[in-house]
Every structure is written in structure tokens, then in C-alpha cells.
Amino acid sequence: MTERIGVYVCHCGTNIAGVVDVAEVSRWAGEHLAGQGVVVSRDYKFMCSSLGQELIQKDIKELGLTRVVVAACSPHLHEKTFRNACASADLNPYLCELVSIREQDSWVHTDKSAATDKAKAIISGGVARVAHHEALEPLRVPIHPATLIVGGGIAGIQAALEIADAGYRVYLVEREPSIGGHMAQFDKTFPTLDCSACILTPKMVDAGNHPNITLLTWSEVVKVDGYVGNFAVTINKKARYVNEELCTGCGICWEKCPWKVTDEVFEAGLGKRKVIYVPFPQAVPKYPVIDAENCAYFLKGTCKACEKFCPTDAIDFTQKDEQITVEVGNIILATGYDLFDVRRIPQYGYGRLPNVYTSLEFERLSNAAGPTGGNIVLRDGKTVPKTVGIVHCVGSRDQNYNPYCSVICCMQSLKFAHLVHERTGAEVYNFYIDMRTPFKDYEEFYQRLLAEGTHFVRGKVAEITDFARTPEEEGRMIIQVEDTLIGKQRRIPVDMVILSAGLEPRQDAKEVGKLFGLACGTAGWFIERHPKLDPVATMTEGIFIAGCAQGPKDIPASVAQGAGAAARVLGKIQQKEISLEPVRASINEQQCSGCRICNGLCPFNAILFHEDRMVSEVNPALCQGCGTCVAACPAGAISGTGFSNEQILSQIEGLLLVNVNGKTTEAVPA
Amino acid sequence: MTDQFEPTIIGFTCNWCSYRAADMAGTARMKYSPNVRLIRLMCSGRLDPTFVFKAFAGGADAVLITGCHPGDCHYVEQNYKALRRYLLLKRVLAQMGIEPQRIKLLWASAAEGAIFAAEINKYVEEVRALGPLHWGKSGNGSKPIVPDEAKESRTEVPA
Amino acid sequence: MTAELSFSNEIINMMYATHGNPISLCLQCGTCSGTCPAVEFMDHTPRAIIGMIRENLKEEVLASNTYWTCASCYHCTVRCPAGIDIADMMYVLKRYSIWKRSYKEGLIGPDFAEAFVKMVVNSGKSYEPILATTYLPRFTAAQLVQEALTATGLVLKGKMPLLPKKIRRLKNFQRMVKRIIPLGEAS
Amino acid sequence: MTANGNKPKFAMYWAASCGGCEIAVLNIHEKILDVDANFDVVFWPVAMDAKYKDVEAMEDGSILLTLFNGGIRNEENEHLAKLLRRKTKILVAFGSCACEGCIPGLANLCPVGEIVQTAFNTISTDNPHGIYPRTSYDVPEGELHIPKLAPILRPLDQVVDVDYYMPGCPPESHQIAAVVDLVIKVVRGEAELPPKGCVIGVGDSTVCDECPRARNVKSITEFKRIQDVAPVDPTLCLLEQGIPCNGPATRSGCNARCPNVGAQCIGCYGPAEGVLDYGARLISAFASVIDAKEPEEIERILDGIPDPVGQVYRFNLAGSLLKANMDAWRVKAG
Amino acid sequence: MKQYAYYPGCSLESLAKDYQLSALEVSRALGLEMREIEDWNCCGATAYFPVDELLAYTLVARNLAIAEKTGLTDFVAPCSACFKNAYYTNAYLKKDPDLADHVNFALEEDNLHIAGIMNVRHLIEVILEDVGLEEIRKRIAHPLKGLRIAPYYGCQILRPRKDHEEVENPRYFEDLLSAIGAEPLEYASKTRCCGASLIITNRKAALEMVRILLKEAIDRGADVIATTCPMCNVNLQVYQSQVNREFGTEYSIPVMYFTQLMGMALGIASHRLGVAREPVPKAREAVTA
């Protein structure tokens, strides 16, 4: 054995030493693994402390260690620590192996002798493995300074402005004709009741005018190639049928367009818009789009009123979808949320009982720029409700629909209660399960509502019906609920019901995730790298998430995440290049037969095939090191650094050196 | 305790989900049987059937393969590739007389420490019930292997 | 390990087919009680009963008429956001109360259920007039008259046959029942 | 064949194998004359009369080259393997059987008793008295012995140290000729021997490398036996047509003989360089091209490979990591 | 003619003879052959479960096991309570081998064994799915024009099946009624419990539950309430007088089985549907008009 291996067994205070006999383990390793190259084996109270690290560094220098095995906690915790310790003693950091005898041993077992034996086995595996480690260099790739942001809601806008202000190019891709997202639909925002448009519009305008921001609205990403630092993104710019160079946004076209359709997106189905339209007056950019599916010209071949009246000849019915490709170094996804479809709960009567509204419908109803000019009236357009019921948690916190809490519904329902009260003087009932007002000034807002005399009924609404049992119920809707604080079923007649529908992942979140190599959790939101400590990064290098795409949240949190994601991206851009874990696959061309079995296996398209030489090759920058192709190559032509066959096979051998009864084994037929 | 057969099980975990599930079981101090030794791979897709053969040949009584839930793979969908291999491997092992229960594929997300621990306990019990595998190593050497006399020559060759 | 089971665990253990029903997950949201068509006639709402079980208030639960007032309509079950089969739990309470012979005074439900099962065990089929005689004595005079009127009305309309039916392989059937419950109790 | 004391000595032995390898050596045509011209053939039971005791009498290490073909199935095979090892300088495991067990190695799937049962007592066997062999038997001339069967068949290197391997079932004549040429050159001092333990007479990639068939990214929704594919596309990779071809995992050197003539490679040249377990490679490879996500669907596709061990270990079972079937060991255990 | 293992259940032999008559007539007319299984026993309605869960499953399983022996694939019950019991017993036994073992141990006494292979269905499902609205429309001789019907589903046909497309707002009964030419009403209480299982044990509660159902049907102007279950039917019909007495109302609305209504529309003579004795003037008018 040519390697000189040092073994370091950590006590971790009593975390390990309380269960594993660390002194015995260390003695055993020094004695029994000497044949494998172990020249020194020590135990120490806290290996990760600076003294512990110095111990290793001293041995590397004085004993000429060529490999280091640290038996301590999970590599996810301290692998970097010990690698760095080795590096500063001039030992290649990748020649160090951290094996876990805490998370996988002392913390999960009680039988001390079994745990001690297991520690021996784990160390023996590590020693056998480390002998096959190679000295590696981290991969360094340059970072393209431009950034792609998908989704122009408040989270995406915030991120775009932060990065653009720092002096870097941003491509902001938005699927709808205008940026703004859901926030643009609101009248007031909780808890301060700021006018949504007043605080959002300036940001939208900034984003629209910023020299570093390229706005691509009415567009969608169709393809993502490349890897962190070097993405090539293909974007489909849908035909607008309006020449953006010529259009001045004067508005004559939509004034003259003779056709109206229901606006299902921005007006949530409550209002109408023209066929050529901007979704709302403050839209950014200001150019309209023609909704070709409803346009008389596209359907019947006649009309062209818009074209006739346009003073700048900006209408262009011959426009086609256009595909453009941009190069970026990082990507932020801020695609937001969809509203839960309240029809899935038929007992709440939406669609059957006319005066049941969704929360977004109510936002439009109460919006001064909305279809009723901000008048809160029933569907007949005139009757002002006398009693209004607001139902919390619709589709949320419910195993039948979405088990999670949608975070914003309580506050949003309080906001509604206030608006109704203020504008109509109606009696308001809020039906809630738990009142959740966890952030700054939120509880104060709740107290304000209590003071306003809002009725709060603690109970999840069972059903809403128009069948009156008593004369006072006649002609109204009845909300049937248990008032759990009183312990009685109640039937409360109301004129209007608002369903505070939960937030859901975008319908297409899975496909979008796939496009970018992101996974969605069980509820469907994009998965962050760490739920607490890294909420805006993802498992895919160079791809970040912000806002409700990551999970339900309110505007302040969306803004904070947008800014946070921007800071992460700026950090990367500043580094100019990025070092990647050198866990990569590579193909020995000599051995590769060109069978092409590996070609279809790589989810990152890292394997290319050279038709001329009939061999395959791995692009190390695209490869993420999963090792699937390594395991698949029938010719054994692919090897994977960090997790080579030799490393793993010898680790198996090492682990099996000590069996569960603590005996050194030699398997033979009985 | 001393009479009870203690199986040795080699477990393979992926770096992102199941290894983190093991970490989480540790952090939460959940207790489980000490019979499983884990090897960290980057992905369940890295699992080469050779590793499984090696483990059995080296004296393991069972092999546990773990990975992210279908749809949750850190590498998008490599766990499906692991699943395909696993199913074929299982058929080959069965033909070689290794009970199908001696190899198991388990999906565990990073959050499922409790499930991970419970599944290990369950699996150790299952393997314990099967008894030792005792795969022979002696085919390697030149130790003479004598044929089984008892099964031989039941009838005499008539002269 | 021989520590006595708590009341809530006893109840959970008795939910055989629904595998224990996750009653510990109840949010106390009241959807069940808000839904229940019989709730007015219950002295505690279904939600409250669940809360009481969880807190092991055995006497109070058994003394409540709630579970014998449940009509087994399963409306609460399909709506419960926590996936609890409340109707099934009500059945468990009924079984528990019959088993312990502990239920609220004056309830007809327990006797009726037992009479019903007895009849089925004896004949393999159910038959309304026979049942009537087992519970009639508990009725007030007014109810009795009403019942008689209804019954005779039915017979007059030809809806109610005068003789009960029996299944053919009654002996096998009864032995089958015996394998489930030693008959002493049921008939 | 003339004995000539000065020429290096050559031996060839045939253990548990079909004999094809011997024919293959004779099949090298005029090259066989080179063998005769350059070597003194001292032991080659199939070609000349020779007695074991003559070999036993030779000085250790006196034979330069022994081509040993066949696996070790019984006591006699084992005795000869050890004997020839002692007497030989360069011991070559010749042909798939000696290298990795080959078809006789598939018998490792059954315990010995079952093999004997099958050989002496199946419907097609005429054995009315139910007679089974015995290892020793008294006849008037004395006691007769037949060699005892081992519980499993072992490739040569599991019994003795092997210098070189030459796979193939049998090895291709052009490869044999090349090796013979090489040894002659070495004898003449014109070339060096390759490092010990090498596989000789082969290519450095796999059969696909030599296969002329066109190939694409593979994704398969059904595995079929070749006879069930009609018509087989003559120019397209067979695996892409759903035919489990072992070419991707099999060492090159045969010029892709089988796929060239329209049949799938069945793997006689054994694993590629550095591969520990041939079957494992094929399991991975076949599973990798399956296009399905649902377990039921995957299972359905796998049903198209009705005999997985036969498919992935036809030539290599005895040389695989697990070497045998559990039952074969169990005979020993119980 | 497609064949079905038919399980009438106790009520159809006594209280709900009219349902039995009309169900069989209509099935025949639509080309569905209902083959009554031999020697079946009571399914237990809602009254076994309060006594013994295992016994309840066993009694239901006996009927299913008998049906399995016929070689037919579909077990059809016209009574919603029977249907619900059979449906869940079948499902639970399939899911829980331990439970199945227990039950089969008892079934041995009657030389039976349940494998859980029957497809348990309610009669109305069979008619809707296997015949189809299109075909029904074609066969209607006397569309029930102008007849305003409150479709009452009740509970056991819908619940606790969570996988059912629309447990809360089913529409199939309405579709069927439209297909036979009638006018189905928006009947909010259509899935609300009628209290049948309480009618003996808690009369007061049950009558209140009946009252609510009658009130809505009458308020909405129904000519008749249609049912799919003998329990509901008897409860809503027979106890109307008691409701009136208890609450001082004057309700009088006919309650009919969906099969009776279908039968009339198909042109089957009223007496063969058990309708003759029922006063449903509006219905008869509709047919004869």
C-alpha cells in the first residue's frame, strides 16, 4: 500500500462519544487498518474546531499523509471544512473523506457495542475508498453577465430592477401583454391599505424604461440550453399584430375596435375588454395586442377597423411568432401562482349562486379602475349588499384539495372585510379556522377590524345554499357553519359571499420546471435549495426562484425574495467565474464503441455523439455528475470522478470487513 | 440477542434526498437498527448492478437502494433509470436463487427521515426472517470442492 | 407494556376498516357539525365529540346522545378537511357503548340495533313488523298510535307482507355468524 | 510431428468444453505448420497420444506455452490444470470456457444432483434401470474410478494462476494466428510479451465498434426474440429493433461476426477491458434503453427477455461476481 | 342481453315491492337481464355496524361470495343502503387481506369464499352507463313532458365514495330525468340525508329531516320527488302525515322510484310498475297527454 492514510475520530462532545467508544474505534483503525495504509489514527473532542483541524494539518506535514479520513458528522455539514483544512496543509482537498458516525450512527442507535462496531465498519469503508481518491481541481467556468427573469409580477420586477441598477443586462420575459402580475389587479394592499397601482406603477414604468432591461412581454421561454454561467435561452415572441416600433400607445385602435369579449385574465371574468387591447390603462409596455382568437378579421376576414384608424400604421396582420435566442449566465423564475378553482367545492355554490365571488373577482369589483368603478354591488350591477360573508381557507388546509396554508388569505379577507364595511356599511361575517396574522402590523390590522364590528365566526363553512328554511332566509344565501366557539350549527343569511381562494402552483409549473431542470415538491411549488437557509436558490446551479413560484407569500415577502435572488445573481456575476464540484463523467474514447446507449440518458444533454469518429463525449460543463451514464455504459468506457467504480467497490469491501456482530468476516459457504 | 441472526445490509443512498433523509433521522435522533451501512452516491441512477453483486459476494445479506421519489429527482428523472435497472436486476437475482426480498428499492425524500428510519427497521426484520445469505467466496481459490456423496450413485451399475 | 389503553386509543383501535382514522389530525374546524343534518338533536356536536375523545373524556362522551343520533349519512366524512371518517367513528362509539353497556338513558338505538341483528341472525333477513314489537314498548302512547296507523296503512296498501321470510341455508348461516361472534351475546 | 529437443515445448489441453477451440486451432490453416515448425508439441490429447505420467515426469516449467481450454468441472480437470500450471511457463486460458466458464458454466444454475438427474433420467434418456454413475466401482480387473464432479464449474483462473486470456467461443482463427505469430516472434527475440494477466487476441473496445449497423439514440418499448421480428432491418442496430444484442458489452475482436450476418451478438468474447461483471453491464445497458416510467410498463417490457440470466451471462456465469446460483452452493451447505 | 347478478335486498321483498316490480320491468325493457342471486341474506342496512364491524362485513360478504359463484361480473343493488354496504365491503376486503382472511374463515361454514372480484354497482349507474342516455331517449314512448321532478339522491348512493366525480353536486339523476322528458328541478337538498335510519330510533330528528326535504321540493314547485332508494322513498312518503301532525304543515307530494317514472315514460302499464295505487295525477296526465 503506497498511500499514507490518517484516520481522525471525532467525539463531537458527547454526541458521538456518548454512544460510540471512540478510543476503541481509533485504536482498532490504527491496528487493523494498518494493512490498508493507515499510519495514524487519533480521536479528538471536536475535530471541526480549529485545534482539531490543526491536528490533521500537523500530521499531513509531519507524517507525510497522502489521504485523510475524518469520522464525524454528515458530509453535508463539514465536508468543506475538512477539505479546506487539508488544502491549507497543501494536500489536495479531494483526497479527504468525511464519514458520518454521528447522523448515521451515534444519533440513531442506542446499543453501544453495535454502534461501535458500525463505526468501525464505516471507517473501514472510508479508508478503503479514500485510497482510490484522485487529486482533483474544481471546474471553473466563466459567467455571462446577463440575466433572464421569467415572470413580470412584483417579484420579477423587483429582481429585474436590482440587477439592472447594478449595471447588468436583464431580459424580462412575461407571458401576458403587460408586466405587473397579480398585484396589478388589486385596489388596496394589506395591511397599510396602500393603493396597489400607486406603489406598483412606478416600478413597472422603471422596468419598462430601464436601459438595461429588455422587456419581452407576450412571450414565453421554449428552450433552455447550457449550464450555469452559459445558458442559451430560446424565447417565443408571440405575434402582437402591432408593430412596436411604430405604435405610440395612443389608444385609438382599442377605442375603435367594435368587438368586446369577457376578460378572463385581468378582470377575472367580471369585465369586458376589446379584441385589440391593453389589459389595463397603466400597462407596461403600452402597446396593445390583438387577440387573434376573437378578432373579426382573423375569424371572418373583415373589419380591420383598428388598422383603418391607426394614425401610425402600426397594425400588422401579417406578423408571425418570432423566436429569439439570448445568452445569459443566470436565470430567475418568478412565475407566481394561480388561484384555486373554487368550482371544485360545489357546496360553496360558485357558478350556481350568482352572488358568490372569488377573491380576485372581488379585487376587481372593489378596484376604482375595475368594471364597477369600485362600487361594491351584486351581479345585477346595482344592489348594494347588506350582509356579506367572507370565507377563509377555501381550498387550503384541506386534505381534499390543498393541505398547505395559503398564507395570504386571512389578511386578504380582513382587507376585504374592511373595504366592504367602509364602502357599503354592510354587516360583515368572516368565517375562519385560525386567524393567521404573523407579520409586522398584521395583528394590528386584525384588531382594527375587530373594532369595526366585523363578526368573526370560528368555523369552516359547511355549505352555502339558496334554500330558505325560514322566512328571514327567503331570497338570500345562507351560510351554514358550526360556530365552534359557541358549539352550535348556525345558518347565517347573507347577500354576498366572497371565497378567499387559496394560492396554487401555476398549472404549467411542472412543465416549466422541466424546461429549466427544476423539480416541484409534492404541493407543486418549485423546490428551493434549502427551506430556511437558501430559499431563493435551487438544486440547479445558476437557476433561482422568487415570489410565489416558491410558495404562497404576500407582497413584502415576494419583493424580499426578488431582491434576494437578485443579490445572489449579482454575487455570481461579480465572481466572473464559478467553480463547480469536479464530480463529472468522462468517456474513454478508445473504449467507447459508439453504441449510443448513454446518449439518451443524460437529462442535461451533456453527452454528444461524434458521428464522424463514432464515439460519444461528455461536455464537463453540462454534466452535473449524477453518474447514471457511468453505471450504464456497457463497455465500461465512462468513468465518474469522485464516485468511481474503484472507490465504491472498495468501500463496499471495507464496509463488509466488520459484520454486524462485530466480527471480521470472511464469507464462505457454511 | 446473541442468538438472533443479525443481517448485514448495504444501503445506497442518493446525495440529495435519501442521504439527507438519513441525516434528518439522525438530527431528529430517531432510533433504528444498526444493521445497515450506507454508501452515498450522487444519484440512484449511479447504482451499477456490479455494486449489488459485489455486496452479495462480499457477505452482505441484503441490499437497500434508495432515491428521491419519482418526479422529485435532483437530476430530473434519473431515479426512473434506477427503477428500470432495479427491476431487471431483481429478475436476474431471482434466477440465481437470491430471494427478491433481499434487494429493495425505497423512495425517500429529504424530509422523510421518519419513514427512512421506519423502513430500515422493517427491512431489517424482513431480512432477519429470511436468514443469512452466505454467498460462497471459496469458488475463488483452489480449495478442492468435493461433490456431494449423498446425492451420487443411488443405483449400482450392474456388472 | 401492559399500561392501560387510553379511551381515545381504544376508540382508534376499534376503527378496523378505516385503519384507525386520523382523529388526532382534527383541526376542530367544525365542517362536520356544520354539515350534519341531525346536529340539532345532538347534545354535543360531532366536532366537540372528537375533541372530547381526544381528551379522554370517556364518561361525558358515553353519556352523550350524539353518536346514537348520527344518521350515518357520511356527509361529514366526505367534507372533513383532515380526512377523518366521522360517520365511521360514530359507529365505533355505538359499538363501544353496546360493548360496555353504557349509554344515555332512554335511547332506542342500542336496543333496536341489537334486535335487528338478532332478527337477522335468526332468519337471515330483516322484517319490519317483527322489529316493531321489540321497540314498541318504549314508545309513548301517542307514538304507538301513530306507528300503528302507519303500519296498518302500509299493510292495507299491500306494502307489508304478513309473514317474515327466512333464507334456505339458515343453519350454515348461523354457524358462520358464530365464527364471528360467539352467539351467546348476539341471540 | 517430429520431436526436437531444441524447440520450445507446446501443450494444449481440453477440460470441460465442447472441443470447438481445438478445431479452431486446427482451423488456422497453413499457420498450423508454423506451430509445428517452431514448437515441439509435447502434449495435445486431441491430436496426439500422450500419457499424463509423461507430463508428470517433465521438469517443472519445461513447457513454454500451454493453451488450456475448458472449465474445471471435475477432479481430473483440476488435477491437469495444476499439473500443467507447474510444468508451463506461459499458461493461456484459451477460449471462453477456460476464461469465464462459457456454456458449461450455465450448469452452475443447478446443484450437481440435479445435473446428474437430468443427464440420466429425463424422458429422452433411455435408462430403464435407473442407473447412475459412481465414482468407484469394483470390476474383476480391479477398482475403477471416474473423476468426481465439483459442485460448480470454475474458470481456469479460479483454480490456478493464469498468464494470459484468450476469449471467444471459439477464438477467431485470425486472432489465434496473430497470437501464434507473436509467441514465435517472442521466442525469436523479435518481440516482447505483453504484461501478465492480459487478454490477448482481442480488440480494445466492444463489438458495436466493429459492427457496421447504423445506430441512433435508443429507446425501446418492447424486447423481442429475433425470430419474432419480421423483417429484421439489415442495416439498423439490432438493439434498436428491440432485439437484445449483447454487442455493446462484449469485447471486440471477432469483427462483429454475428451482427454482420444478421444475428444478435450473444457475447462469446466476454466483457470489455476493466469490467468486473459482464452481466451487470448488460443489465444496465438493456434497462437504460427502456422507454417507460411505470413499474408495470417496465415489467411488461422486461417480459420480452424471458431468460435474463441466459441472456446476460450466457458465457460468463462461472466468471461472474456471484459465480453461480444459490442452489449450487446450498448443496454444499445442507 | 347483458346479465347481472341482482341483489334485491329485504325491502324490495316487503315495503318496496313497487320498486322491485318497476326495477325489473324497466331493466327488461332496456335489455338488461337481472338474475337474482340465490339464497341471499340481509345486508344489514345501517344497523349491523353499531353491533359488530366484522359481523357486518361477513354478512355482506356472503352475498358477494354467492354472486361471485355465478360467474357474472357485476353485482347490482337497487337499494342505496345495500349498494353502499356491498361497495365498501368489497373495497375493504380487497384492500385488507387480513380482514379478508377473517371473513373467509367464517364464510367457510357456508362453503363460500370471497375474492373481491365483483364490480358493485347501483341500478341507476347500470342504466346510465350500460344503456346510456342516448339509447334511453330513443326508447321513450311517452316523454313526461311538463312533469316537475325533484331528484333526490340521498346519501348512501354517493357517500363516502370520495372518488366519485361529484359527490357534492351530482348531475346524473337530472340528466336521466331530462332524458325521459321530465323537468328536473334544482333541488339543493338533493344529497342531504332524509334520516331514514333514525325513523325508529329518533323519530323527532328524522321527521325534522324529512320536513326539510319536503319543504324544499314543495317550495320549488315539484310535482313529484324521485328516489333511488327504498329507505328514502318510504321515509319521505309514509311519514308525510306525521310531519304534518308534528309541524302543522299540509304537505302532500307523491314520491316515486326513478324506475317507476322511467317505466311510465317507456310506456309500461302503471300496474306493472306498482304505480296504480299511487296518486300521482300529474304524472299520469303527463303520460296520457
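Each chain carries a letter (A, B, C, D and E) given by its place in the written order, and its residues are counted from 1.
One rule holds for everything that comes next: contacts are C-beta pairs under 8 Å (C-beta built on N, C-alpha and C of every residue); 3 or more make two chains touch, one makes a residue touch a chain.
Because the structure is predicted, anything quoted here is derived from the model rather than measured.
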Graph separation of subunit D and subunit E (steps between touching chains): 2
Shared chain contacts [subunit A and subunit B, defined touch]: D
Result of counting contacting C-beta pairs for B-D and A-E, higher pair: B-D
Centre distance in Å when subunit C and subunit D are each reduced to the mean of their C-alpha atoms: 75
Where subunit C and subunit E are represented by their mean Cα positions, the distance between them in whole Å: 22
Computed distance of Cα centres, subunit E from subunit B, in Å: 53
Euclidean distance of C-alpha centroids - subunit A vs subunit D, Å: 55
Contacts with two or more other chains, residues of subunit D listed in rising order: 276, 281, 284, 287-288, 329, 332-333
Per-residue multi-chain contacts in subunit E, two or more chains: 162, 168, 212
Of all residues in subunit B, the ones touching two or more other chains: 48-50, 54, 57, 77, 81, 85, 134-136
Touching chain combinations (by label order): A-B, A-C, A-D, A-E, B-D, C-E
Complex contacts: residues of subunit A adjacent to subunit E: 345-347, 352, 400, 465-469
Touching residues (chain side subunit A, partner subunit B) in the complex: 74-76, 100, 102-105, 107-111, 114-115, 117-118, 121-122, 125, 514, 517, 519-521, 527, 539, 583, 601, 603-604, 624-628, 630-632, 640, 642-643, 645, 648-649, 651-653, 655-656, 659-661, 665-670
Residues of subunit B touching subunit A in the complex: 6-8, 10, 16, 19-20, 22-23, 25-27, 29-32, 34-35, 37-43, 45-51, 54-55, 57-60, 71-78, 81-82, 85, 117, 134-138
Complex contacts: residues of subunit B adjacent to subunit D: 48-50, 52-54, 56-57, 70, 77, 80-81, 83-85, 87-89, 91-92, 95-98, 133-136, 139-142, 144-148, 151-159
In the complex with subunit C, residue positions of subunit E that touch it: 10, 13-18, 39-42, 44-55, 57-59, 62, 88, 92, 96, 99, 102, 105-111, 155-156, 158-162, 167-168, 191-193, 195-198, 200-206, 208-209, 212, 238-239, 241-242, 245, 277
